[in-house]
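Mind having a look at this structure? Questions to follow.
Chain lettering (A, B, C and D) follows the sequence in which the chains are written, and residue indices restart at 1 in each chain.
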Amino acid sequence: MENARPLPSYLVQRFHGWKATAYAENKAWYRRLADEGQRPRAMMISCCDSRVHVTSIFGADQGEFFIHRNIANLVPPHEPDGNQHGTSAAVEYAVTALKVAHIIVMGHSKCGGVQGCLDMCSGRAPQLEEKSSFVGRWMDILRPGYDRVKDITDEDAQSRALEKEAVMVSLENLMTFPFVAEAVKTGDLSLHGVWHDIGEGSVEQYIPGKGAFVPV
Amino acid sequence: MENARPLPSYLVQRFHGWKATAYAENKAWYRRLADEGQRPRAMMISCCDSRVHVTSIFGADQGEFFIHRNIANLVPPHEPDGNQHGTSAAVEYAVTALKVAHIIVMGHSKCGGVQGCLDMCSGRAPQLEEKSSFVGRWMDILRPGYDRVKDITDEDAQSRALEKEAVMVSLENLMTFPFVAEAVKTGDLSLHGVWHDIGEGSVEQYIPGKGAFVPV
Amino acid sequence: MENARPLPSYLVQRFHGWKATAYAENKAWYRRLADEGQRPRAMMISCCDSRVHVTSIFGADQGEFFIHRNIANLVPPHEPDGNQHGTSAAVEYAVTALKVAHIIVMGHSKCGGVQGCLDMCSGRAPQLEEKSSFVGRWMDILRPGYDRVKDITDEDAQSRALEKEAVMVSLENLMTFPFVAEAVKTGDLSLHGVWHDIGEGSVEQYIPGKGAFVPV
Amino acid sequence: MENARPLPSYLVQRFHGWKATAYAENKAWYRRLADEGQRPRAMMISCCDSRVHVTSIFGADQGEFFIHRNIANLVPPHEPDGNQHGTSAAVEYAVTALKVAHIIVMGHSKCGGVQGCLDMCSGRAPQLEEKSSFVGRWMDILRPGYDRVKDITDEDAQSRALEKEAVMVSLENLMTFPFVAEAVKTGDLSLHGVWHDIGEGSVEQYIPGKGAFVPV
């Protein structure tokens, strides 16, 4: 693997700073976590977006959240076809091996993946329709959501609505996994859908009774 | 979606605490990031494991790292077959849309996914071989790495070796993506492989000249 | 005291979050409580167990409960021998200085201290019988309760019964304190015994007329 | 035990409210904690004072803190004399059975126990010197701290200083427990001393390098 390079020095320096401070202060706990294993209370599914950090927003320290991050925080439908499904593997591990008590799907404002879905489904981005486009094929998961927002004329409102649809589609797809549906039924697992406005710092959560997202 | 529930109150309280402190202190920057878009310098590919937080270890704040987290920080080989490939979509978006300058793959000690691969490939976990096992099918990505470590008798040393193989396999698979190989060739993108000992707090990086991981 | 270390940063952040939200919202009341003194209506005696929080279960805010927490929520018999008795000091302060109107002893399911008592009294844990075992010598308080449950064969039922005996023994020992017996006689103080199932979330209370614990 | 009474109805109502809301939202996690046991990261030693709730201040939810509360958050010196020592039992359980990573001693402003110690040591409260005074005998633990503050003339400053001495004396006494000193030496346990101003909402922590308490 002759293409690998040493880390850029700015990251090396920051690592050494972390090792001498945060790691040193918490060494006893980190060693215990290493020896005894993780027992996270919740699984978070959020976007890869660099502006979204669930550990900050929810004050989570090492050992608290099992975090899966992908484009647009999407969960595909259950499809046990013997192919490689990374998100499905993460959910399966969290629910059946780690037995998390919560799965929280968090969408966010200004999501590039969601914007790509809008562009693709509205015909503005034909390259995303190509078989070779990984982003396009991944955003196919959100097509059912696009159908529900395609008539919204205001662009910002439409983006916001599709970002929230991404959360809803993921929650519905989670329920297609038998081990998820079973754990929800027995009360061993609860599902939560939230949407975060990265500029305003606010968080809204889906309330079934209202059928809408409401500020937390 | 009648199965969704409100967030547990301990997370709500922590969010409000974050909003009133960290968000309030950084509001100007977070608003700019929201308005102008993200421009992360690096993509991090790390494990979902609750004990691993690259933002802590490398002191990254909002806007710095585009972070994809999956089971055992694996990247599958390039396979533009029209199916949904979440990790491939994340890499495609990072390299072609965001034009990140670095992709850093970070493995870690005590990785449950890697342990699952060891169990599966050694015959100790037949259920992971089943077509319906998402974790098993995902860990198939690491089989080439297993072949290189299967004769190591000490269990800890074998786990550690396979954790590092996960990083190497991912780096090699990244190079099978034409847009990655192209950007590496022109010098617009560099790849990095690191392994983190979560109990000791140390980080090692792969140095091609040595053909091994060396403490940072 | 060169061994003291700064607080881990996750606690510092959570504190700052609390200060900016819950404290800020309640500042007027907290300042009054600080200036005028506490006037709690009840003393709670509960276990140190991390899963038991009487302030949550009974919705108590700052100023409401004077809370003493020890291993297995035990109260030793009155013994004014000039030695240091922390629980006795807490009871004395609550009854004679703060003049609380209620003392509530709350036991709970899965109590580690009670399990230790079972192991010790049944001979399964000889190390707890040693003079140097603080936990063992503390659990001696519960020996009278063990005698009443030792013939119960079902393990879960026996643990549950001894957890409730811990509450009863504590209530009986409270009555050996003259200032407690006096205040109960004049009607200035009432005693209450409850048991909380931490998994089911239920609470049972001791009803003398029934001679048993009954769901609240 | 004919003296026990049913819970006051205001507490029953609050319990039912908690059961229907907070418990219901977190049932999956609470059941897991009940089944698998507690694994608290830290032990908190704080005062019984009704105005001090470490779970609020540090945003701790069920399962996070093993909490021992006594008068003036004191830890007596190690004394394995075969008598009942409740605080020593709590520390022994936390360190040797639960293997907590941190012990945090938190003192606070306007502490009644500390005021009692000032009154007793200065001769203003002869009744606290009596053999039969549990509070007096408990506050004997703090006499070494009184000697260090007895010449401070301003009353508020003297109280504040003795409240901080209570934290220091407890930390020093913790180190007299062999299992504590051993765990500190191997890096498996760290000790922390903090003082909380209940009116102002602030927290200060002891920094050895400065030999003083400094705002967090």
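General remarks:
To be clear about the criterion, a residue touches a chain if its C-beta (ideal position, glycine included) is under 8 Å from a C-beta of that chain, and two chains touch if they have at least 3 such contacts.
These numbers come from a predicted model, not from an experiment.
For the pair chain B and chain C, chains touching both partners: A, D.
With every chain reduced to the mean of its CA atoms, the largest distance from chain C is reached by B.
Note on chain A versus chain C: their Cα superposition corresponds to a rotation of 120 degrees, in steps of 5.
Annotation: 42 Å between the Cα-based centres of chain B and chain D. Centre-to-centre separation of chain C and chain D, using mean CA positions: 14 Å. Multi-chain contact residues of chain D (touching two or more other chains): 22, 25-27, 29, 31, 59, 63, 102, 190.
By the touch criterion stated above, chain A contacts chain C in their complex at residues 22, 25-26, 29, 59, 61. In the complex of the two chains, the chain A residues touching chain D come out as 25-29, 31-32, 36, 39, 41, 59, 63, 99, 101-102, 183, 187-190. Residues 13-14, 16-18, 20-22, 24 of chain C touch chain B in their complex.
Chain D makes touch with chain C in their complex at residues 1-8, 11-12, 14-19, 22-24, 27, 30-31, 33-35, 37-38, 40, 42-43, 48-53, 55-60, 62-71, 74, 76, 80-94, 97, 102, 104, 109-110, 112-113, 131-135, 137-141, 168, 171-172, 175, 184, 190-194, 197-203, 205-208, 216. Contact residues on chain C toward chain A in their complex (touch as defined above): 5-6, 8-10, 13-14, 17.
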